[in-house]
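One chain, chain A, appears in both complexes that follow, with chain B as partner in the first and chain C in the second.
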Partner chain A sequence: MSADIKNDGDSKPASADATVSLPATGIATVERKEPPPEKEADTRRRTWIVISFWLIAVFIGLPIWWNTTTIYRANLPLTQMTDWADGKACEPVFPLRIALDVGSLPEQEAQNLLRLTQHALDDLNDFSGHHLRLQLAQAPAETITPVRDDSNVALTIRLAPGDAAHTASSSLHPHLPILDVQYPPNSLPTANSPSSGLATYIATQLESTFAEEQNIISYLLETSSITPEHKPKGISQEVVDTVSKRMTRSLKYSQTYHLTFSLFTNGPVPSSWDIEAAIDEYLKPVLDMLKPIHDFTIDTQVQLYAAPGVQSQVLGKEDLSSFINAAEWPLSPSIGGAPTVNFIVYIGNQTIGVPSETSPGETSQSWMIPQWGSVYLLAPPAEATHVSSETLKQPILTFTSHLLTLLGTPQSGSLPMRLSTLARIRSADLLLRAASSLGSLARLTLALPSISIPSNVADGVVKTIHHLEFACASLGGAQSLEHARIAEAEAERAFFEKSMVGQLYFPDEHKVAVYLPLLGPIGVPLVMGLLNEIKAWKNRRSQKLKAA
Partner chain B sequence: MQSFSLSSLVPLLTFLVSFVVASAAPAADYHEQLNLKPLPQNSLLASFNFRSNTSLPEFEAHNFRFFPRSLGQILQHAGTRELHLRFSLGRWDAETWGARPWDGTKEGGTGVELWAWLEAESDDEVDHKWLTLTNALSGLFCASLNFIDSTRTTRPVMSFRPEGDHPNTTMANMHLLHGVLPREVVCTENLTPFLKLLPCKGKAGISSLLDGHKLFDASWQSMAIDVKPVCPAGEECVLQIEQTIDMVLDIERSKRPRDNPIPRPPPSHELKCNTTKPYHADDTCFPTDSLNAQEWNLNQIFGKPMLGNCPLTNPKTPPVCIQAPHTRDVFTSMGVEELTEPGNENQRCYLLPSNDEEFHLSLPFMPRDGDRPKTDADEFVQPATPLLYAERSLTGHGQEHGGVQAILTNPSPDAEVEFVYMESLPWFMRIYLHTLKARISHRTGSDAGQTLRDDDDVIKEIYYRPFLDRQRGTQLEIRMKIPPGSTVFMAYDFEKTILRYTEYPPDANRGFDVAAAVITILPSNSTTTTTARRTSNLRTTSMLLNLPTPDFSMPYNVIIFTSTCIALAFGGLYNILVRRFVGRDEGPEVSLVKLRRRLQEAVQKVKARAMERLGAAGKEAKKVEGKSD
Partner chain C sequence: MKLHLATLLLAPLLTVVAGLHTSNWAVLVGTSRFWFNYRHLANVLSMYRTVKRLGIPDSQIILMLPDDMACNPRNAFPGTVYSNSDRAVDLYGDNIEVDYRGYEVTVENFIRLLTDRVGEEMPRSKRLLTDDRSNIFVYMTGHGGNEFLKFQDAEEIGAPDLADAFEQMWEKKRYHEILFMIDTCQANTMYSKLYSPNIIATGSSELDQSSYSHHADNDVGVAVIDRYTYYNLEFLESEVRDTSSKKTIGDLFDSYSYEKIHSHAGVRYDLFKGGADAARSRLLTDFFGNVQNVEIDGTRNTTMIDDELISLSKTIARLSELAREEELAAAHNESNNAAKPAPQPQKVQVTKPLTDDNWWTKKLVGATALAGCAALWGLGSYFESSV
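Presenting the complex of A and B:
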């Protein structure tokens, strides 16, 4: 035990003593003496004290601090989530089955025609996400129920021999998903022929029938968050523009929509209308067809003394957007989560000065407000106080077509076909939305390390992925829409979790201000004590080595 | 006055036509009426009443005509069977103005008050629906109704009864919830949605008189919305929405022009002085007591003209009525038909022509001197004495304890009054129920004017639901009976809670509002007339409770203070444990001492060298001197 060691251990108290007593001693240097050698037990005890202080700080203090200040972050399947968002987890493929009803043709020829048409189709179609699969119809086409059949047949082609003199012709059935094809009897392919005019004709017809759906789905994939290698190729800018115009108009998907029909008038009359009868007659049939996809609640109101936002007699194009007097008209947002679609009949003498260019068939009395609803200007009725059901026919029919547009229904084909297409588009849309929500959540989790993630978010994510898998597996089928809907709802709920929104934010300055007053005075003696102890221990070792 | 010609001013006093109020209402109808009632001290009570009905099947089918859709949708979504919503401001001065309009049933405590009967199977469902209802109404009326949480919600037992006609099957599942926001400031943003609910929207009819500037400038105002099912005998049930606005206008104040609203002292020649005073002179004036010859017209006091009739109302129902003595002069515009009821000569009603012309009504100045001097009795009908006077105040001092005293007076000389007194207190006011005491003083009878004495006979029944910290407030309902001509002093003590740092609202030093006590006067059994059998209400003012408020920079002070303490204690302990103590000359030199010593040594060295140099220089100088010699 040398003097050196003791000196090191005792440097501080000695200094305190010395500082206090120095003024009295004056300049004269004090005669230095060596302190008596310290006992071995004392040194060891001091070492133990320093060690135990550190043990307490590390094994009790640190865990307590960690437990009380740490933010709970549930484990999220981040890779799976990004996979979904990038489109790696699911290849959206819509196998569409098309039944070929050959009528009286013999089995052999029918099979042959089927094979050739399928070939022609595969040649025409370069988009892998949209498969058209032909099969022979089991039952006569008339008995097939229109939409959402379990057999999942999107379209039935009804072949019938026609006039030999004419070339093949086709027409879509106005009310059923049926394509009637009239063919000259001699155009049927022979058993071994590699191609057939009829088969090519049918394939082209099918291709054009489903062109719109294909475009929309390509567009959805194009604009979604998936990585470029999973996106379809060869979608023209023109198509993107037209489809995007239509898609941005349509409302966000929801299981239920509130339809609100309002009669607005600037004066005290008319104060009543036969809206119930008009809706029952003109709108209900369409709503019934939409039932598998959406639910609707209907309410109606009459609002008098409602001045429009624009008073001019002839409404210009820019007036149409400000016509709705949002400040005064009671068109309050709906309750209970479901969006409201507003249909307004405005009784007044105003007219629209802009010829409608997009759809010439439309009357120039109405216009649609994207994602919101539609307005119809109705001239004051002859019977001043009451609007009859007949007067409402044209408005309601206009609203019906606007409703279909607002719901995002494609424009070509018969209504059942459009609706089944709508179901497929919506499930693709929801699937992509849910996937991109998952991706956003994953990015958010990584970007904000201080955000807390409650366990129900993790639950929501797991549920979303579960339902996404189902939806992806049954794409194009009846179940997929339902699964996609649940997945989307769960993903949204997980993303917009309330406790995550109110994120606690402690800036670093704040932390320094809180910790420094405590850790400074405690940490410095602890660290210095430890350093001294290590130095002393090293000295002891070197002494021992020297002695040895 | 100025806007219509003098020739058209026809005093219609002699024009008496009896009329019968249409009693049977069709399924979907609309009714509106404005009642004007001059009050003492230059005040005017204006009661607007709007009522519309919708048949229940139409309501279920979501077809709305006069019933507002925005409200109907909320009611359906939240399973609300009956709804009462109140927005109030100011204090009803019962001493001067007498009994309240509508027997006090259409007013609320200061701020916003909401009570509703919800239909639900379980308590959880009720809470959920209540939450939906408050949130939706909060959005609709731009009020903070969403702040009515469990701590502000009570379920009154004795105070409220459903006003509508409910079938017995739904009655079993109906739950009453009541919530108050005494701190809410009612203002124009609440009036706008209120007017939007009306079919005529403030564009025609009496609602065209309503203006936020005048309404919220009133001495007292209350907006009420009541929705209830009504089943008239032998008719289809209807859902009725009744919207009411009552306000007491200070006539002088509301006559101020809108573009120049700042009150200025009148010029000296317009001052009304009491000339009997001995010191009355040109430059001294003692104001007279009564300056209240009322003189006003509709345009002036509401700031807007009334734009004709609302065409949806029954043309037989007069939209405007005035309650004034029949000797009071009233002028109206041309074509207006004046109706009086034979039994009630103090009420005059005005039937408007069906065109859209503005309606004018003016009460001219009636001279107090001259040939036929008029008195106060010609200005206004003496207000009826209310059944009960109530006031409530905080007592006690300090930051820890306090007390509440309610003074309840039965002014009637012969009838006793029975009522339920309901308090819903915040949880941070911990009341001691055992300190609840009622003392009584009789104004008449054998012990008149004697000092107060305790009386246990006053309180008949107590319903008490104690508070739970941060979960629910105190609910206290007391049924009392006060003998005629007596005053009851009811008092109880409470303790103030210290809140958590984050529980204080902004501007915590202002205090915490305590909701008004609701007093429901029960129909007395002695009187058998139908009017007296209805309950009537009154509310005390709300109180401002001061809680101990911390210094809000406290957390950092606390952190630094405790840290310093811990550091001191820890440092001392640690140093004693790990240091070795040796003699002063035995220890090593410390850096500071060492530094000082070195400095001193250096200084000495420099000094020594300088001395040497000086010495050398002296020698050299001497040498040079020697050479030159």
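Presenting the complex of A and C:
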């Protein structure tokens, strides 16, 4: 063996200094004593050792490495998800059943009227997503309770013959979803007439009753992720603008809302208020009424010496938005998981300097902050230390109507109609949101190939689709809200799955930096051992050949 | 902006204006620890003060501070942080709400914040609860390099990760528009990988350029602010005095110059809908200020209607209660009827494992392991005896 000593002369610039490099064969003249030849058994054992190390590395090491470093990606039904998002999986149609209670009219005439009214309705309505379908009422209207509409009847029309001299008139029943129509007896259509004044009248009335709902639902469809061919046509910009303003004002749907009532005073008094009594008296009925759609939790607080964000005596329009002293007032939104709606009664002597539009003489005392809550300015009460329940009546009633607005309740129609409309709007909204979440998740899965997708995301997606199918099938009915709610919650949970985070991107330098120190010390002896073995085997073979 | 809105509120055009965005959020992130990085925390706190001054409430500001300079023993002015050697404004004043502090400031938490992939236990005040109508101002500062920003000397966020996080936000409709601002060495590389729409990005320095500090306070003993942030703040303090300011993003970006910042500040408009022109014409208050489109009520003559509403809702609630009872009774009857003909067979309760997935597999693995051990033992004793 000869040692080849070299003093990296290549990297140095060529110089005249040649004394550094020694002649390569300087020491090779001395005869070396060789070790005794290896025993056959030792060689064989070494071969086995090298082979077994390699076997362990390949058959245990590699699979473990592969298993622990691959990203688990559950299979998601991507096409189905995209179909939902594009609106292909579900035609968002709201078939609203309208019952026609004709009273004492004979069957034949009733059928005739029904047919003509339906015809008139179809002519009026060009939006296929929201379809009003008439049917004859089975039972008298009084027995239908407002909230429990198993029959899925959205509205009952109660016909009653009225004065012959007057034209037809109608009014909405205050407690029940009933439209009372008084008609002059002579306006009933004859058997073969192609049209009828009464039918047209009823159709127009229905159309106007449901106009707001139709606008909102077309707006929801318009702004959703579904593809243009599934969208309603002919929605005017004006409608979009008004509805969009209303929708941005209202809170995002949540099953539970947390209501916080706060009394802030600018001085030491008043320090107590009859809020419980006032809430029971003026707010509770409305909350009870909303129960099928939302749950509410309530808490109250009192804070003295609370300085508002604006000190001026008369508050201008721009002062109102900075009136809330977000820094100092304890309006922490972090109670529970439900979104908080804030209602603030502020006792001080500030007034609003913006004349109201309806009656310019007076000024208003309250204002609403979209998606947040509302504020009511109250003059200091006569009884200095205590705010009585009567004093709170006006504030709480104001808050009640604000709450309805913040929840997105439509503004026209009788209360039961507004409620059932709210339920339908919310289920459409949730349905579209869940569908668009599915679409987002599908696109994300394709766009980020290195993100892990745990199996519960796939579960969530399957559940979402399952409930979406139910919700879609029962749109307009009582069950759809419940299903849409579950679908939306599941879709959100799947999208926001906690373990789908992590650093997704590792630069190649990082990989080298991680693997080299690990694999270097292991890899070098492994590879060298293998090479030596191969060399030795070749040697043996050539010797054997020579011997033969 | 408020005045602007107020005047427009009376105009019929309001809805178009209000339709743009309905809430403003700010995510302010400092990423360096230790006393000699005082300036980075001062940068963040100055931005915090600015957005708060322009009306964004604490609940909509996410502030990430990795270290507590105010209480650092080396601070000659305990309890305060200054970003200027004149020490006029204490940035650590009375009202400061730090959402993520110390070791909570990690890349993972930052990405979780943006994508809202957080656990149930995370309070709402630490979450970015934005929607498709929210404008977000994202400000980051620290030590960085080519396409990365170091977090706490321990880890780093890469530009592709940041871009993916923004993309996930966009997919889930978590923002309307984003202004991304970063002050670090080679900052412009951090936004080079972004690909989601509606983002305006700006950074302090190009590839291979350092971002420099502005000046040091000799009593504090370290540099107190970075140049890029300093000149941003100078512009915001002098030109955007309140939310009614009409200064645009373009005005701010035009104020950058190499002479002032000592590096080439970069801007990126191409992701924004409408390109450079639209992006440049956005008001600064669209991102630094807060919109609150309050609605004032009419006067107090609504009592009558409300009384009616109350009595009405009472009736309706009672009716629905009745209906529910009826339903319950019906269900009860049905279940009674159903229960009678087919009495449930008594079941003996067996201890149930907490989870029943792979129960048998687990049993099998356990049994095999035991058997293997026994076999080994047996084999060992066999060899022992045979020797």
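For the reader, a short list of remarks on this structure follows.
We adopt the following convention: the second predicted complex is superposed on the first by the 427 of 548 C-alpha atoms of A that agree within 3 Å, B and C clash if a C-alpha of one lies under 4 Å from a C-alpha of the other, contacts with A are read in each partner's own complex, and residues count from 1 in each chain.
In the analysis below, a contact is a pair of C-beta atoms (placed from the backbone, for glycine too) under 8 Å apart; a residue touches a chain by one contact, two chains touch by 3 or more.
Note that the structure is a prediction, hence the values are computed from the model and not measured.
In the superposition on chain A, no contact is made by A:219 with either chain B or chain C.
Once the two complexes are laid over each other on the shared chain, residue contacts for A:522 go to chain B alone; chain C is not touched. When the two complexes are overlaid on their common chain A, residue A:264 makes contact with neither chain B nor chain C.
Contact with chain B, but none with chain C, is seen for A:49 once the two complexes are overlaid on the shared chain.
In the superposition on chain A, no contact is made by A:343 with either chain B or chain C.
In the superposition on chain A, contact is made by A:352 with chain C only, not with chain B. Look at A:328: by the touch rule set out above, it reaches both chain B and chain C.
The residues of chain A shared by its contacts with chain B and with chain C are 328, 332-334.
Touching chain A in their complex are the following residues of chain C: 2-3, 5-6, 9, 14-16, 18-19, 22-23, 52, 55, 57-59, 95, 97, 107-108, 111-112, 115-120, 123-125, 131, 133, 157-158, 160-161, 164, 167-168, 171-173, 243-244, 290-303, 306-307, 309-317, 319-324, 326-327. Within the complex formed with chain B, the residues of chain A that make contact are 6-7, 9-15, 17-19, 21-22, 27, 29-36, 38, 42, 46, 49-50, 53, 260, 262, 268-269, 271-272, 275-276, 297-306, 328, 330, 332-336, 513-514, 517-518, 520-522, 525-526, 529.
By the touch criterion given at the top, residues 145-148, 174-175, 241-242, 244-245, 248-249, 252, 282, 285-286, 288-289, 291-292, 316-318, 320-322, 324, 326-328, 331-334, 337, 339, 352, 354, 356-359, 362-372, 394, 397-398, 400-401, 415-416, 419, 436-437, 440, 443-444, 447-448, 495-498, 500-505, 507 of chain A touch chain C in their complex.
Contact residues of chain B toward chain A in the complex are 61-66, 68-70, 72-74, 77, 132, 136, 139-140, 196-197, 199-201, 203-204, 310-312, 556, 559-560, 562-564, 566-568, 570-571, 574-575, 577-593, 596-597, 600.
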